[in-house]
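Here is the structure we will look at.
Order as written gives the chain letters A, B, C and D; numbering starts at 1 within each chain.
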Amino acid sequence: MNIILNIGIIGYGYWGPNLARNFSNHPRVCLKRIVELKQDRRMVAALAHPQTELSSSVQDVTRSPDIDVVVIATPVSTHYELAFDALNHDKHVWIEKPMTATSLEGEMIIELALKKNKIVMVDHTFLFTGAVQTIKQLIDEKRLGEMYYYDSVRVNLGLFQQDVNVIWDLAPHDLSIMDYILGSKPQAISAVGKSHYATGLEDIAYLTVYYENNMIAHIHVNWLSPVKIRQTLIGGSHSMIVWNDLLSDESLKIYNRGVDMIQSVESKYHYLASYRMGEMHAPVVHKKEALLQEIDYLVECIENNRQPMNDASSGTRIVRMLEASDASLKQSGAPIQL
Amino acid sequence: MNIILNIGIIGYGYWGPNLARNFSNHPRVCLKRIVELKQDRRMVAALAHPQTELSSSVQDVTRSPDIDVVVIATPVSTHYELAFDALNHDKHVWIEKPMTATSLEGEMIIELALKKNKIVMVDHTFLFTGAVQTIKQLIDEKRLGEMYYYDSVRVNLGLFQQDVNVIWDLAPHDLSIMDYILGSKPQAISAVGKSHYATGLEDIAYLTVYYENNMIAHIHVNWLSPVKIRQTLIGGSHSMIVWNDLLSDESLKIYNRGVDMIQSVESKYHYLASYRMGEMHAPVVHKKEALLQEIDYLVECIENNRQPMNDASSGTRIVRMLEASDASLKQSGAPIQL
Amino acid sequence: MNIILNIGIIGYGYWGPNLARNFSNHPRVCLKRIVELKQDRRMVAALAHPQTELSSSVQDVTRSPDIDVVVIATPVSTHYELAFDALNHDKHVWIEKPMTATSLEGEMIIELALKKNKIVMVDHTFLFTGAVQTIKQLIDEKRLGEMYYYDSVRVNLGLFQQDVNVIWDLAPHDLSIMDYILGSKPQAISAVGKSHYATGLEDIAYLTVYYENNMIAHIHVNWLSPVKIRQTLIGGSHSMIVWNDLLSDESLKIYNRGVDMIQSVESKYHYLASYRMGEMHAPVVHKKEALLQEIDYLVECIENNRQPMNDASSGTRIVRMLEASDASLKQSGAPIQL
Amino acid sequence: MNIILNIGIIGYGYWGPNLARNFSNHPRVCLKRIVELKQDRRMVAALAHPQTELSSSVQDVTRSPDIDVVVIATPVSTHYELAFDALNHDKHVWIEKPMTATSLEGEMIIELALKKNKIVMVDHTFLFTGAVQTIKQLIDEKRLGEMYYYDSVRVNLGLFQQDVNVIWDLAPHDLSIMDYILGSKPQAISAVGKSHYATGLEDIAYLTVYYENNMIAHIHVNWLSPVKIRQTLIGGSHSMIVWNDLLSDESLKIYNRGVDMIQSVESKYHYLASYRMGEMHAPVVHKKEALLQEIDYLVECIENNRQPMNDASSGTRIVRMLEASDASLKQSGAPIQL
């Protein structure tokens, strides 16, 4: 016999409608209640979800006995307090990214979730896309060989955020993907960037993340690009991946290419590069909606009392990297140890 | 009555054949002599240029009375000595990029050229392409508005160099373009990168160059990319450019796009972004061979005793930035003042 | 004071949900009732549109006094009968494409609509896209010069239809666009194609449509292409358009290119071609949902008792071309006069 | 001991320089003599090939005892006479495409070549590209399954020919590729097209070629397209190919995709389509210069007295299809039996 989880969403702003639509379409959950402070947004929610209760009090969700999972889709500064209240009232928690405004808040949530034995899942939606699932599998099967680099360009025109810079806005996508697929602990992070408007928030920035064994990751985030680019190169000693997230077909291409460096017979300081230029293939990548997959996973983790990969610890690791990027930005790109 | 300049090329390796072909096709110069130390390469040169003299002694070019312009296409470590000898014997000099191994060498060449009143031109071929010429014109006409950023990705698989890292190999292209089009003095540079092979030379690297007024430039150079990318974004307050150098048509696209930040009536700390999403156009870009255009310019500068834009000072500025990138690499990306 | 039109939809299959969603989102109409024969599809409709009545009897829509507009989204073989019944009961009618199974049926609908003074609109949705609107405007402003050709490729893998061949499935899009933008009466049509499966229905086909003044149109439709292509070239004496409908940005490119043929001085039979290779530009194309625009237009036509451009006459012209393509297919591509 | 073949080229116009460059670079042949009637073109040839004799008399090549192979790169109307003279004087012959102006001329060359036991090779260069070689191999290995269709788009702006229409100019490429890879005899051909300039020669045209077993080929050739497209779709029951000849990398993509039609249990007239959407891969395609490969093949055929695949019979089959396309054009696309 399957349980049905009762869901309460807090926040019906930019991302809330997507959450509400997917939670209401999933057979194993029931979208019981939506809390939204603004009346006009409550009206929009009411029209789209006539069978869901609307409320303007967060406690109708965080403390209500008929709610199993609290979904927090509010500005990041409020995440901690809401999650803390929900956990305290024995709810499971789903939090939008970034998980919290500080890593300290993140650690307190980790601790409380552990004490309460509740699931905390951070909504890093990208992890549940077909592309990232396939990349993860390729890396786990050692198909790329030794990992060399991860390079992501995530740029387009707008939307400027009011409260966070472009790193906090866009980089969590890549940071969570890296956390998931690279299976390696970052050692240091450096960030450079510039603001061109009176808000003072960086609108273009570059992050570098250092790993052991000379692996390096780099992320270009930009609100000022005339064109939208979502392209990631992942290089290994054996194969290399190009992931173009804007393509609906063939978004993932795997190149059987590499370089071997051979010591020259003439001199031990002289190397000859031998290039392997093999074929490319584009695997079939599932196109199921990522949020629906993530809800599947939520249900599965709760049913089996299993810790999700995108748990509070993972979310806090991402926040710690964002904090380090802020520190590095203030020091003109000096690397910050993690 | 037009003069015909007698040309002597030193070095017939990777780039030498291109130089020889273009110098021999240009009506205002005569390719008199090629010096090449390796016998097999001299044979190749002889076959391609039966009317040109071959020699294995550099002084047949640097010191010969029948040579007007010495073209130096040898490894960078030899540039200084050859250029110095040529200038000393009252030759004009054309040097491949990067101009010298150190900025000190560069300064000594600047001084000697001045004293001898001879032209030194550094072969930054890209400056003579239709794309860069058009970009330069757009910027000079203030069509982009205030300059915000220059972002270049210059990656492909190989060719690994033996003596220099990927920055010294590929970044001079962008550094010379930036020197030419931005019209602004760089203030600091930082570089990060990693080597994945026994040579110890970085095969992937990221450069950031800081300018006044929050303008920022960033260059991704990489010998380990599975695909070739040559894409540059240039953002200004009014228009933005995407330059894809791999396209034979429509390589340059100009977007009439921008953002205006308006202070909110509610709060002076609150801004509303207003986006302008205008049309894109791809201007007609000339497709004349860049090297031929550059030889035109060489002849013109010598005839009119005019300082070229890509003179020894410009070449030395590029070398200084490369030196700074080395220093920054050693300090994990700490910015180096210029 | 604005009227609100009451809408009744018949058919909730492949396209019905899109219609229902857009009619229910439009402020000037009310989605009163949906008729669907299959119970499981009625269930789906009920979930998505809880405030709309469901019925299994078409007469609840075609004959109900509280319905103003009957929307017919059923298989093409039923269009005529339903439209006829609706018009007879003084409803306005919206019919999915192709309008009817035969041009004779089409003519009878034209006649009845005239007699009843009711609007009949055929849902050629493409006409309301930003791309087609922009192309129409360019042609009307004579920006292309004299029209030379229209060439469309509309191919992808699947979906095989059960009752019609690939021409009846995909070509109505282009035929309706041509009818709208070319402003010229087709003179003849020829069609070739092949079937590769036991259904005997052509799965790949090529249509040629002849116009006066040597203008020619050609359409490649194909259910067997490994990749999806939606590309149209429109050539005129002055400018040329490339429309790639799969791009969300820059889907429309206008090339200031052309050829002038100059009689040679040597011989009156000898011509010299002079090529104009001007710039390309991509205009801003509106991205409003086409169906919503079309509903706007429906309301406007009904309010002002104005004949829509996509009326029954236009729909019947398309059906006549489809009939001619069938006749030509049977004669191995012999041209059929229209 | 290897023989060296002495080559004489007639015609140094558009394609002649490519031929001369490749013949002069090939180790197994010697470019002995070039015949060109126009003095200015002879000058250009002399500069590029100082070691080759120049002449203005075709008999210096067709009848000279020191020539082994006559290369005919003149206007098509002269091909027959030159080839006939060369064969009569016991030369092997290389003819540019199309081989002759009429199929009757082609048959007389076939006959004479047989009688004289000499090689006649028609320069269908595309057959020697890596892409076509790979496609041929895939088809021979039955990797595509049963062949369904060949669809080619070969369009760009210009160059208008003076003496032939766009079909004679561009279609021979595809016709020769089809002749080579499809391994099936065409049954009929139909062609439609239009001329928009005073020359009266078609500048846009569409060819359809019918084969047995419902295989169909279609070629769009166009001198009036604003953009250059060189794309071919090749569909089989098992796999499908997309060949984009403008890409230097990944020009060939093979899709493991297909459709199976299953008879419905409900009705024998009702079929269910089952789609196989497997992965795509891009094989490594050799990038050797096609003309050099073709010269290799010429030498090999002469040495071994082996009939080339692109012999006079193949060339005549292409000419016969071009003649049929002319006949069909005059009959508005009526199919012409072959």
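The rule is simple: contacts are C-beta pairs under 8 Å (C-beta built on N, C-alpha and C of every residue); 3 or more make two chains touch, one makes a residue touch a chain.
Since the structure is predicted, the reported quantities are computational estimates derived from the model, not experimental observations.
Shared contact partners of chain A and chain B comprise C, D. Among the remaining chains, the Cα-based centre furthest from that of chain A is the centre of D. When the C-beta pairs in contact are tallied for B-D and for A-D, the bigger tally goes to A-D. The mean-CA centres of chain B and chain D are about 42 angstrom from one another, to the nearest whole unit.
Distance between chain A and chain D, defined via averaged C-alpha coordinates, is recorded as 53 Å. Touching of two or more other chains is recorded for residues 227, 277, 280 of chain C. Across the complex, chain D meets chain B through its residues 50-51, 227-228, 249.
Listing the residues of chain B that touch chain C in their complex gives 250, 277-284.
Within the complex, the chain C residues that touch chain D are 146, 148-149, 151, 153, 155, 157-160, 162, 188, 190, 192-199, 204, 206, 208, 210, 214-216, 218, 220, 222-227, 233, 235, 237, 240-242, 253, 255, 257, 259, 261, 263, 270-271, 273, 275, 277, 280, 332-335.
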